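Two complexes are shown next, each including chain A; its partner changes from chain B in the first to chain C in the second.
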Partner chain A sequence: MPLDTSTYNLALLRVDGRRWNELRQQKGQLGVQPSADGSAYLEMGNTKIQCIITGPNERDTKSTSSASTAPTSGGLGATVAVSIMIAPFATVDRKRRGRNDKRLQEMQTTIASGLAATVQGQSYGPRSTIHISLNVLSQDGSLLACLINAASLALVDAGVPMTDYLVACTAGSTSSYAAADEEADPLLDLNTQEEQELPFLTLATLGATDKVVAMLTRLEGMMATAADGCKGVRDFLDGVVRDKGELMVQEGAIGRGEVVSSMDLD
Partner chain B sequence: MPREAEPSQNEKDFILKAVREGHRLDGRALDQFRQLDLKFGEQYGVADVTLGKTRILAKVTAEVTVPYTDRPFDGIFTITTELSPMASPAFEVNRPTETEVLLSRLLEKTVRRSNALDTESLCLVAGQKCWSIRVDLHVLSHDGNLIDASCLAVVAALRHFRKPDTGMEGDTLTVYTPAEREPVPLSWLHSPFCITFSFFGSISVGEDGEEKDIWLLDTTLLEEQLRVSSCTISMNKHGEICQVAKPGGAPVEAVTVVQCSSLALQKVKDLSDFVDQKLAEDSKHRNKGGLLAELSADNAR
Partner chain C sequence: MPITILQHSLAPPPKLRDADSDSDSEGGADLEGDIAMGRPAKRARTQDSSIMTPGEIITDDPQWMRGHGTYVIPGASSNTILSSVAGTLAKTNKLLSVRPLRARYMPEIGDLVVGRIVEVQAKRWRVDVGGTLLAQLPLSAINLPGGIQRRRTETDELQIRTFFSEGELLVAEVQQLYNDGAAVLHTRSLKYGKLRNGVFMSVTGTGGGGGVVRARRQAFTLDISGTDEVSGSEKIDVLLGVNGYIWISKHIEGEGAAAETSGPGITRIEESVGLNVYSSQNDIIPVDTMREIARVRGVITALVENGLRVDEEMVIKGYAEAVEMAKEEQDSADTLWLGGERGKRLANALVGR
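Our next item is the complex of A and B:
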């Protein structure tokens, strides 16, 4: 599916009108599912994710059979179990996915072990599990990055202690190896069209994952761009959490400056 | 589900301490590979890779099938992995473990998605007939670093493989037996190799207490069980990265990843030369008395 990227060089505007270092429109919300222990809804452009946290509760092997798990705090803390469900209506052509989709399993493993590095699970003990269910409602590029961000946000809502947000972002490269164009811009936060066309990487800061399909000469530039994007995403997520906190104070759910005991880390 | 036996606390402490001091249990340097050996079978497309005690067998087969309806001009190329209980008691038949899923996804991204094999050249009659190339990968013995060894085995097997020659006359497609016409090699575009870096936390160096990540290359199973995270870089000898995967685990400095990628290039060049040399030896061995040149169809008739 050839996408005409040559127009980029003329106006330096991407297919959706962004500049190279612009993120897409983001929307985030905490506590979208009142019955869950923690939940969040995140939009990055047209990629829309709902994340539900159940637990920490006692380990139940039956419910984690399709999920990917990773232990926190070197096996001494709670286990993080991640399962991803992509709705059949999430993409342009309606498609049902099997349970054994290896691409999904790989993403589950990546998210689980990535989050396990930031979740402070030792306060729950090794026999408990935190279930993270990620529902993809709409898919338009940067899926892995968006899933990681949504999971981070929902963990904050659930009050699970973490060292920091785990935030992710994608970056692509417009230069080709053959062209050897050193000046070409890296692109931030790709959509589906750009993902199909360009080599890209997903980078998660504070830890965890990168997946690069790129040329060596441009690797550093792309990683720096993605890391910058991650900072932007982190500020956004932090804003969402602070707004929610402000709202809770206004509603009188908690007093200003009050410390919730379960979130007290040290 | 059976699990790999965990190393004892004493073993853990010993190995981690040694690694921090720059030593390994088998006396290798931190960035040194184990003894690597590559043997080809009697048939075309069988590669047997031995890396220390890890042993992997790859076999390539080809058959004529109908192409996928959404890709009428492309042939079919699949890689299947099998981690049998023979290799380690932790593996079960028909129940892919996380190791296996990650391994097959990695090979897929490295070899298939990077267009190492030109699938368009496998098309025989558009929309009706195409070659289906299948690589079966068997792990015969598991002692760590499955990814690098598997990738080498797959690439070597595919480059060694010869598919039967075909001819079109009018509307009839003829597949010639090896007796009729010498089989032809696949259309191979570049050879990607995987290099896996295993991280073991960081130590401070110098007076200013600068943190430096410790990493090992070609880890044994024991070292693999103790690592805090790993990063696999796939590239070809021209330095083109096909993929980089760091599936979670402890955080690593971005600078380290970039440094690793330049070191990986060195190692990939070594591996690439090694495979080239073994392939040349094998073709020399097969081509006794220059018979192949005589059998070739493109002589000046």
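Our next item is the complex of A and C:
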């Protein structure tokens, strides 16, 4: 079913009833797999990801040959190894994927190098590896963005030191050359239907910072929208972590933290 | 780990965090001033929450020093200290550190750990202690059978597998740390050595919730004669390794880590280190003892599943509670299982909810 862009222009509502700058509903949970070192479950609309983290530990990387790896802290820190599994039931048409799907491998490499830049792995030493396995349970657009967000959340659960959350979001453009509508709305957080119709990009930012360098005319609007979406995602992930932490403090699993203020200096 | 089927529960309802949702805006991307380059935007710290999350600014007061779990932006002239993990803030004089909610074990000198041999090398063993790197146990850092004090010779090196071989479990102490955080262990005490007559379990995470906490006593003896079916005074040794590895075994008089005070001094080590310290043969364990070992294991699993800390006090209290629960339920065999709803009940009874 083609995306009816004329409908969008009239009512300014997208196929799923969102406005141009609305994120889909998100759900997140920490520690979903108690036997793992860190785990998280994240839903962005109907895209559902489970992320399991093993390590950092000293194990041979040969056993995970399908994973993409990237060293942290310029080769002095732990290695990040990412592998993505897409469940056969994740899409509408049930199909088996080959082991060396180039599209998947590209995503793995992107996630590994992105996370390696934000993980502070120097405290672990170069011999240890952080294995991140991402399971796609349901797929409905913004897959790469959702994978990055889930991995970020699971790394927090694993207690791996990071500069900030690495958060990602997609944005698409509804303007077309024929209509000459340069000012048309960019759309935030696309679902599959919109992804198939529109040109889009995935943008990952480091937490609250917006470190974006180059921009082209129409791209700028898309990136600004995506960066805005990233902020929304970050706030959401942060909330999930805080809720979990507060629950643990309440239950007495961890001691209450102290508060820094300039008043209590002696 | 056995498979537990938990009752299906609905995901918590999404919370409305941001009131300034701009869904009622006119539409059209705001292209100007949306992207701020350079320094991270300062986020207001939430006052009600004591939880720090990665990237959160802790302080920009120059008189604080940064400790574990924090970082400063390299190259920046400001003294802003940011958190790098999610956890609670701890202050030691002028040192700020963030204790993570959950993290992998980081060895410290003096830690009592339970480990598993993964690799045997010429003069040392490589031991999995649940840390980020494998620990090593040099041949010179173990007691020889019979407690003989001498140099380790080539003969000992050839017989290295008669002491410990792959897959065997041991209790040891962290003696030394390398720069990269790898630990060197030793077992040169009557408290340490090979483990037998028991069951191993692993609980992940230390320093935070749902894990073993560093405490005064990591090894202790449980009296199980309270259960009326057990004849005589049987005891169980519980070894809570700081690394989250736990060993629960039958208590043997004068042996094991819990016998720290009853054993003779170091001067008479020759007489006390038996010839069978490196035996891999289990003794005969009465069925009642086995059942109580399983119950202790269930208690610890329940503590972990319900996010409670694992230490001597909680295990002893939890065990007493589990025995009570079993008595109420006519002591059938399935009272040993303390997962799901029963585990929740046990945990609630322990924290008084």
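Worth pointing out:
Here is the rule we use: the second predicted complex is superposed on the first by the 244 of 266 C-alpha atoms of A that agree within 3 Å, B and C clash if a C-alpha of one lies under 4 Å from a C-alpha of the other, contacts with A are read in each partner's own complex, and residues count from 1 in each chain.
Definition applied: contacts are C-beta pairs under 8 Å (C-beta built on N, C-alpha and C of every residue); 3 or more make two chains touch, one makes a residue touch a chain.
Predicted model only: the values in this text are computed from it and were never measured.
In the superposition on chain A, A:Q29 contacts chain C only, with no contact to chain B.
Set side by side, chain B and chain C differ in how many residues of chain A they touch, and the one touching more is C.
By the touch criterion stated above, A:E106 is placed in contact with chain B alone, chain C being left untouched.
Legend: residue contacts after superposition of the two complexes on their common chain; A:A116 is shown touching chain B, with no touch to chain C.
With both structures placed on the common chain, the touch criterion links A:I86 to neither chain B nor chain C.
In the superposition on chain A, A:L190 makes contact with neither chain B nor chain C.
By the document's definition of touching, neither partner reaches A:C51: not chain B, not chain C. By the touch criterion defined above, A:A227 reaches both chain B and chain C. Contact with neither chain B nor chain C is seen for A:A145 once the two complexes are overlaid on the shared chain. On chain A, the surface patch touched by chain B in one complex and by chain C in the other comprises residues 206-212, 220, 223-224, 227. Listing the residues of chain B that touch chain A in their complex gives 96, 98, 101-102, 104-105, 108-109, 113, 229, 231, 235, 238-251, 254, 257-258, 261-262, 265. On the chain A side of its complex with chain B, the touching residues are 68, 70, 100, 102-103, 105-106, 109-117, 177, 201, 203, 206-216, 219-220, 223-224, 227.
Every residue of chain A that touches chain C in the complex is listed here, in rising order: 12, 19-22, 25-27, 29, 31, 34-38, 55-58, 78, 120, 123-128, 156-165, 183, 185-186, 206-212, 220-225, 227-228, 232, 235-236, 238-239, 241-249, 251-260, 262, 265.
The touching residues of chain C, when paired with chain A in their complex, are 1, 11, 14-15, 17-18, 21-23, 25, 27-31, 34-37, 39-41, 43, 46, 49-55, 58-59, 61, 63-64, 69, 71, 82, 84-91, 96, 99-104, 131-134, 180-182, 204-205, 207-210, 304-309, 351.
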